[in-house]
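One structure below.
Residue numbering begins at 1 within each chain, and the chains themselves are lettered A, B, C and D in the order written.
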């Protein structure tokens, strides 16, 4: 077995240029030049030091870089909580349509009827899946969806004169964005511990619920991949206390078409179109974090909402929402991403989406049961429970035994040309290996992954140093994160300054 | 310095599938199914054993393969005679236009006025560059252009009742397609030796010219990169003998806008749009080998030719060429390739094209002078003469000295992540290294290449075995061409048969 | 669901059977057995479905065909977005699946492509803005403004007032308002001068009192006016340790001064105008967020940041996400922001664009826009149409049209018939609309002349 | 030409100066000093030029906008080409610059991507056609036919006659004629049966006399008719060691028998119909050339062939161009063909397409076309329009329209107004036109009904 990631000694692009070279000739007006009368204090004196390179070399530079990057089309990318599924190529092609790319958000409505219809359709679809009748695509990502959801919750309470509800409760298994959004939104966060089944501890929940409870945020299945089966009870507890229920839909890939959170009493939910509905992650973004909500939260939705005027057979942007929370994006959200999600749904239909979820769940459980067999890995929390789209193994025994932890395992896996699971998350599992294969892997792929997992852990057991020194066949060896934080070299400008001081390139510490 | 080509253990795609998996759902008619009444002897019994794989895995497979492939966007690709220049990305984008992709060659003329106008424009442009008033885009590649050119020459002589002209003369430096096309076309080939300047030996030429001379084929600059400065004399000798002159325009990248072969008495010329005009080589093709010719050869052009009907302001396909040689392509040639060439010309204009040639020539001479300095490499033929877009170094001294020849050098270069020159061609230079950097390389790129050349030859001098064992960092080590020819395993079907006989996978010979 | 086979699903029925057998299960249903029956959805979903990729394509193309693009109709719309041209080479790089189908680079060793490119993005942004450090994107300019306001409050712990000028884009104001609501930050508007359209500097200085943590202005501001009289305001801010946040039209930076050179501590904007991507009906965009380097402040930045670090091989440095301890996945409720998924691909796309454009290209596009706008302004003046503010501008100005409210739709139609998107309507008096006009570098003289002609016709009607 | 700078040229003026200095030259002109002044072109070239990529794009898009595509107008045109759908995944793979911007894999160690893919193409072609070996493309079906004829003569040295059926496509006949002219190969046409449209088998057997080296037929033939009575002809050919060449519509092979299974020695066709690429106004295409394995014969094949071989690492086999000693770059005038640049990328594209389509997809597309054609035929019959030949067919048939010569243009227009490309006109009598109709899998019932309606209207006019 051989695997080598492509490796080039690629310089920073700033080192490549030379004055006078051109990479692109942009469109130019035929209006005659004139003197530029920008006041001198606001006139550019030094041109920005951008590279000067011809087109072919720009392409080469980024081609090299691209090959030094693992992606979902390289192989399995089982990052738990991230739903790295295949990004259908037709979606990318459709998103290049000039009648999507070149429309301005402030164009007259009669000139954007097509995209408004598409947005409207998608709103309806997401509502159908969520079991919640209202929808907005404005949040640019999941966290923005959470933020908006919390806005809605607050607006609701305030609108009822209920200003004291400042607590948001969430299990400790929740995704980091949940507490972060909560606090950023001005709420008080209460994290409750999970029970031995990895689920919300009802007693703990009851203990913290009060007249200050604004709402409850939950991911279901949660970040352990476990379905919160007491969801109805939770729902009742919160509602009885006057709180509202937020459903973090990032893990929706487990349950599409099988569970509709609105029917379990949830008031607001965000979808991550960039997870469940196949839009690409782009090395970190963009995403699209559509939010669905119930009737009672609808008066507070952000402006504008796309609606259909039946009388005039015309779609329009409704800004007339008197109690709106305002805006959480400059325009209407990541529309070109939403379109990809829409295309995905159209290609699969209800049956296809349901089958997708079922396959994702089958794959996760298959991997889990096989990996569980490895000595040194354990399945924390009730191991009898089936998982949903992902599972979390704990490498703590291995760590205790030979000092090789989740991060070492990750590095050994990437040495072999397979991406690692999410590691060290959720925080409630210490040496967490959080695995979400998605429906884009077949049995052979999973078997191969399991095999590599076993082989590498066997190697580590023979020689723990092998694990610590991994990865091997990647473009670079194990990077030193601590050095980065200590030295904070964050731009070419800072490098140039270091260079002036004779501190660039960096010195390797003796013991490195 | 580190370079590693991406390496995956990629199986044959036939090993990947499993019954029931689908890679694509093709369009389906809504006409109801019916019994298929194809007579049983012509009805498919066994479905073809094509792979059954889902979309994501198909993409992965070919993504892996693509990364194991060097291309002009990976780095310098100085294959002499091949003009591996940058393929502008706008051309690829334009060639995806639905109004190019989805037009059928037999559509009514009024529905293809756009493409006919483009073809017409390109014919005019190529005529302008060749100095020859007529043009057809029908030949799919350079060799097809040669074949057509020879057709025209024969038709001309025959039309004049001159049936005895059966000799085509060409220098021994000519490209292999020249003699191959000649013989395939039913002519007799006469190859004359080059003189010490690497040019046509006028005396030798005079000696073979006769009343049997049908024509003369020359590439100028020739495959040594040397401009045939006696071209006028040659032209006169051939014409005086009643022969016609064919210009192999594959090396046009040296002379665009500076020399017009028609003005030097040439009767017919082919362009390789896939060389001079930047259309991609595609791992071997497609190309486009447009042919231009003089007035006297025009009556024999293949049908149809695109013409403009001024009276009706309409472009049309003229099939009314009574003396036509017929057709050399099923339709009108590689139109989607021609479009790319047209876009390239539009982007550069006359000044840009001329500058392109000059830069290509400067680059070739720069590299040549630097590499000449290497002990073991010599510049055969008059070393005083400047070369044009390419140069040919001879590694014979090195071969004699340490047994390391041109092919070894090639393998050492690809070890380093740079493509090799064309090796062992032209045949008149034994250990030929034929280098054509094109204008797509800048000084730094050339300097780097020269440096690597020097370093690797130095390594070989220290240890010739190092050279014989190269390449190192490529996806596979040096392949055994002889084994391939002896064993002839040419398809999955043949592999399956070997497998049945227990002869697959192949046994490695003891001494391998 | 038997024998369901689809290109987006890897396993066949056969695979399913084998896997279930290995798990000792009869059906996938058993893996859902823990879900109470009471909450299972038993209805039939009403969702669209098409039988083939071709039909999906046809459906969506048919929808989109109802739009009229700025390639068909001359657009004078701006307001923070620019009708850019995306070079084909940029799009080809964007189509590299290695880039677009990767996740956040959690395993840096196998993700150098993303990291290296993002570092270059950060660096180019710093060069453009004359800043030292930039994050690798916020959602958009508007949310960058919200985050900037919050950050000033994190730095200046002893206050809760944030000033911003009235000449800030309305949509950004809206987002700002929303973003600061949780932090109980009070936002206070600085009026603009009715003549010049610039920030009222006296008023600004007056407002910079107790508890002010930051001040924000846009340059050119929403009216297109260049804020060239802010020296004193900035000076006072510096004295009072009030963080200066500048929002800039990034496309102006080939000819306009970089905010870092006139005193901004934090600079924000949208990379869309420098080619992060096309208009896309307003998204995805790429919020720019950059600042002067200060180790402590940098630790207060929102968003992901790529830094340089060492590898085991001497001399071989590499890239990695750094300062992750500010982020939500580690710090949870103590994070500097909730942002997780950002606009990384758009940031990378910006790097591709700027690498192709170079300083010369950036200058030329800036000049083209400047020439266009100034020519248009003069031609409008020739027919008696003035600008609302009499100040220097870059590519945008507010033209004094005073279209009555009840005529607005008619005017829009009138201009549409002439294949013109007339600009962004803006009401100063609440009764009539003036129009904010932006001239991209895609417009030619003829387009501008047609605009003037159209206005003349309208007025003569 | 001073200060010329362009994205397609790597060096700047500065570079040029430095390089010239190192070469001891003052100007690039000196590198052209060996060219006699008398032949230098001194005029001004008349060539188009646009100042920016955007303008080039606009220019070409404007030209193309004058075309009407088969996505706008229902196409019943075939004749060897098929209006296929290219899956997006296929195009994404085709856009990998590693594939499209590579040269012929002369250095196999660094070109395994191209070689491996071409080997898969060869293999898929063999599976489809039931052949053992295939080359990695000819220019198109027509030139493949020419090459096949020449090859039969190389195998059968003792003859110079090549038979082909009259039901061969006219354009392929033309190319065949041209290709064999040099080799002095005589081509002889076998007539077809006027009733059935099939090859006249008695006549064929009669013609298979002395000196015949090969026989060619198409299946389905140009009229769309399935050649289901060729067993005897093939039997005789085998006895006489005449090489049997079959030209097949590759898109039929999901439901029609493979030529290797009914006796063809060599099979040719065009991979365009199995998705090598879209119509592209007739090019690039990809000529299929495959044959039964016979070591000696294989050495007579034209074109490039990829084979398997060993590497230094035990167990690691790889791919390489093989049998290169047949090719022009080595054998020069003794080569089996002059072909050098072929259609490799289209061959690779075919592999992508077939890998996505799979056996099921190939079958389904074949069925769709079959259903369409047979439905259309019956509906036409209902309005009294018959087919010329009364034989089994796949997706193409010749419909008995008898449009008089002077009405042809009017008919074309009439159909165009109804958004229909009516088919390929074909004259049997020299006076009137019948139409060769092909139904792709993109056509739906409504399109077929509209066709019938249009014909009915035409006849009622």
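One rule holds in what follows: a contact is a pair of C-beta atoms (placed from the backbone, for glycine too) under 8 Å apart; a residue touches a chain by one contact, two chains touch by 3 or more.
These numbers were taken from a predicted model, which means no experiment stands behind them.
Colleague: If I rank B-D and A-D by number of C-beta contact pairs, which comes first?
Modeller: Taking the two pairs in turn, the one with more contacts turns out to be B-D.
Colleague: Express in whole angstrom the distance between the two chain centres, defined as the mean CA positions of subunit A and subunit C.
Modeller: Between these chains, centre-to-centre, one finds 19 Å.
Colleague: Whole-Å distance, subunit B centre to subunit C centre, using C-alpha means?
Modeller: Taking the average C-alpha coordinate of subunit B and of subunit C, the gap between them is 46 Å.
Colleague: Would you mind listing the residues of subunit A that make contact with two or more other chains?
Modeller: 2, 5, 18, 21-28, 52, 54-57, 59, 63, 67, 72-74, 86, 88-90, 92-93, 440, 442, 445
Colleague: Residue numbers in subunit D touching 2 or more other chains?
Modeller: Expected reply: 6-12, 15, 53-54, 57, 85, 87-89, 91-92, 95, 97, 316, 356, 442.
Colleague: Thinking of each chain as a vertex joined to the chains it touches, would you call that graph a line, ring, star, complete, or other?
Modeller: complete
Colleague: In their shared complex, at which residues does subunit A touch subunit B?
Modeller: Touching subunit B: residues 1-9, 16, 18, 21, 54-57, 59-60, 63-64, 67, 72-75, 86, 88-89, 417, 440, 442, 444-445 of subunit A.
Colleague: Report the residues of subunit C in contact with subunit B in the complex, numbered from low to high.
Modeller: 3, 5-15, 51-55, 87-89, 91-92, 97, 316
Colleague: If we count contacts the way the header does, which residues on subunit C are in touch with subunit D in the complex?
Modeller: Subunit C residues touching subunit D: 7, 53-54, 57, 85, 87-88, 92, 95, 97, 356, 442.
Colleague: For a test of understanding, state which residues of subunit A touch subunit D in their complex under the given definition.
Modeller: Interface residues on subunit A, with respect to subunit D: 2, 18-28, 52, 54-57, 59, 63, 88-93.
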